[in-house]
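What follows is a single structure, written as structure tokens, with notes after it.
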Amino acid sequence: MILVVEDDQLIRTVVEETLDGGGFKPALAASGEEAVALLKHPDGKYRALVTDINLLGRIDGWEIAKQAREMDPAFPIIYMTGAAADQYASHGVPNSILLTKPFAAAQLVTALSNLLNESSPTT
Amino acid sequence: MILVVEDDQLIRTVVEETLDGGGFKPALAASGEEAVALLKHPDGKYRALVTDINLLGRIDGWEIAKQAREMDPAFPIIYMTGAAADQYASHGVPNSILLTKPFAAAQLVTALSNLLNESSPTT
Amino acid sequence: MILVVEDDQLIRTVVEETLDGGGFKPALAASGEEAVALLKHPDGKYRALVTDINLLGRIDGWEIAKQAREMDPAFPIIYMTGAAADQYASHGVPNSILLTKPFAAAQLVTALSNLLNESSPTT
Amino acid sequence: MILVVEDDQLIRTVVEETLDGGGFKPALAASGEEAVALLKHPDGKYRALVTDINLLGRIDGWEIAKQAREMDPAFPIIYMTGAAADQYASHGVPNSILLTKPFAAAQLVTALSNLLNESSPTT
Amino acid sequence: MILVVEDDQLIRTVVEETLDGGGFKPALAASGEEAVALLKHPDGKYRALVTDINLLGRIDGWEIAKQAREMDPAFPIIYMTGAAADQYASHGVPNSILLTKPFAAAQLVTALSNLLNESSPTT
Amino acid sequence: MILVVEDDQLIRTVVEETLDGGGFKPALAASGEEAVALLKHPDGKYRALVTDINLLGRIDGWEIAKQAREMDPAFPIIYMTGAAADQYASHGVPNSILLTKPFAAAQLVTALSNLLNESSPTT
């Protein structure tokens, strides 16, 4: 399951279909609070996080990624943003990927595949 | 928009459909002269160049890439060639990718996605 | 032609369809013995190996990859395994990729595209 | 000038001599407050930051790096730590290097050289 | 401690001095049997292996590396060889480095530094 | 032998001593014409090129590198320049490194070591 956090329903659906087309199983969250609750849930089995930066509520994408990495230091992270790309160098976590909106479907699928392939014992 | 330069109409259509399938918006040029004019046009908003090497006319793919890089030193470049691959080491530009024909559709889509993802502020 | 070695017919068909969807031409082998015979056949023109590790017969995926590399030191290799991933660091060949089952279709297509793109004169 | 932040005088001297031996010009700070003041000083011309994590005072190495990256998103960062390495995945900035103490002199010199060479227009 | 395996005493001394000059602590073994015994010794605390390929005795460098990786799948490995470089693609372990003799002192120090820096939680 | 091309005698001596300190054997040329003659000489056995860009005479560093790559497509190339760095993206050859003057001795030694280590059969 790939955890997708996006408060814009239209984009959320596009991301869901894109991941589905690549053979991934997306799980959707509409806010940072919901995303963190899902990550911390004992039944959760997420392999990667794909998150928007600016979200409704108090928890933004930078914070979700930090909490995911505190639980698993190798957790694959992809940020999607239009407005907040210039904050990546100071607010992003290491070994993550930032996609600047708008991006093509293949950019997301390739970024996610590369992170998952690298997090296997290959590298 | 991804600028595609290819003088063989059949291959041009295949590349167009391949990029379209990955969610990219291809813009097509049939010659080096047309490609350079499009790159220099003030309305042009191209994110990457995908170019054949041997073209009708005086401007080949090596030259188009050089002119694109003079306008933008980080411009993503993909060369496609069968016959001219051995010239890449001396005529290619740095941080570009050469695809040797014939290549699978996924090789082009992955190469382009990787270059665009790296040219984001991630790296 | 991409040589696919997998003794589970269901997975073999899924891999075949995945590669086909990326524009690759898969050739299928059901055992290590068959795979090695195909690699050594003078008419064979394989560009990469995608192999399961645990196979019926005496030749496993680690051994097929070694024989492929003895014929061509730059031959692209992808291992697919669920149970044998922890042996990769000591039994895998250099510059190969291991995919841990289950993996998404896009992970295989991206891994294969990256290996083929790197084995071109680009890098 | 390479800005080195370390509150242990003995280690600070070892790092200074190591950088000097590699042909770098180290500038030394004993606290996070001093480091941030130096980075913000209009006469400052620092090319990279080499910082300990746990420092006397309120500003730790994670925070110095963030402030350096807010001023320059491509600023090369090296963290040195024994105790705080497990926080790197959630508190480090992207495209930085963490050296776990104790490390050999050559590890620091090579890490710094790699970051500076990559931040040139090469990549 | 860096475990160095080399049966030629002259080269062993050169490697020892080279590592020492980079701030590494070399431990020397003259045969594969001695190297494996050192790696398996409960008091041993080795951070990396630097090994010749062709050694007196039954255990060669390829085999030492495999045994080291079976104990620790992330163990940094550097092979040094003149005659056996063409076997690397089929006999080497993944994520290792092969140095072809003769090599400059800096090549060994840089290779070792890069492997140790990558095996930290940075990547 | 590492071929060093630099028309400033002072810098040439510094580069010579830097390479010598890393265990490399530098061969010096003061002009592009001399460099190309050395590269083409049948007795020449050069492993890499380290070249300034702006040189007296008609042949600049960009051109020397192209001619070296036409003879050997995998030839390791390092450019050193202060004034011409912005031309690298369009005039450099692929898989080369550009060092912006002034650089530390360790940056040159590390860049050269990395290129030589990668050009071995490791990658």
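The letters A, B, C, D, E and F name the chains in turn, as written, and every chain counts its residues from 1.
Keep in mind that, in the parts below, a contact is a pair of C-beta atoms (placed from the backbone, for glycine too) under 8 Å apart; a residue touches a chain by one contact, two chains touch by 3 or more.
Since we're looking at a predicted model, the values are computed, not measured.
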- Determine, among E-F, A-D or B-F, the equivalent of interface A-C; equivalence here requires over half of the contact pairs to be the same by residue number. E-F
- Since chain A and chain D share one sequence, what rotation angle in degrees maps the C-alpha trace of one onto the other, as a multiple of 5? 180
- Query: When chain B touches chain F, do the two copies use mostly the same residue numbers, with over half shared, or different ones?
  - Reply: same
- Query: In terms of CA centroid distance, which chain is the most far removed from chain C?
  - Reply: D
- Could you grab the centroid distance between chain D and chain E? Build each centroid from C-alpha atoms only and quote it in angstrom. 29
- Please compute the C-alpha centroid of chain A, do the same for chain F, then give the distance between them in whole Å. 43
- Shared interface positions of chain C, touching two or more other chains: 73, 86, 88-89, 94-96, 109-110, 114, 121-122
- Query: Which chain B residues qualify as touching chain C in the complex?
  - Reply: 18, 85-86, 88-89, 92, 96-100, 103-107, 109-111, 114
- Query: Which residues of chain A touch chain D in their complex?
  - Reply: 65-67, 69-70, 73-75, 86, 88-96
- Within the complex, which stretch of chain B touches chain A? 22-24, 109-110, 112-114, 116-117, 120-122
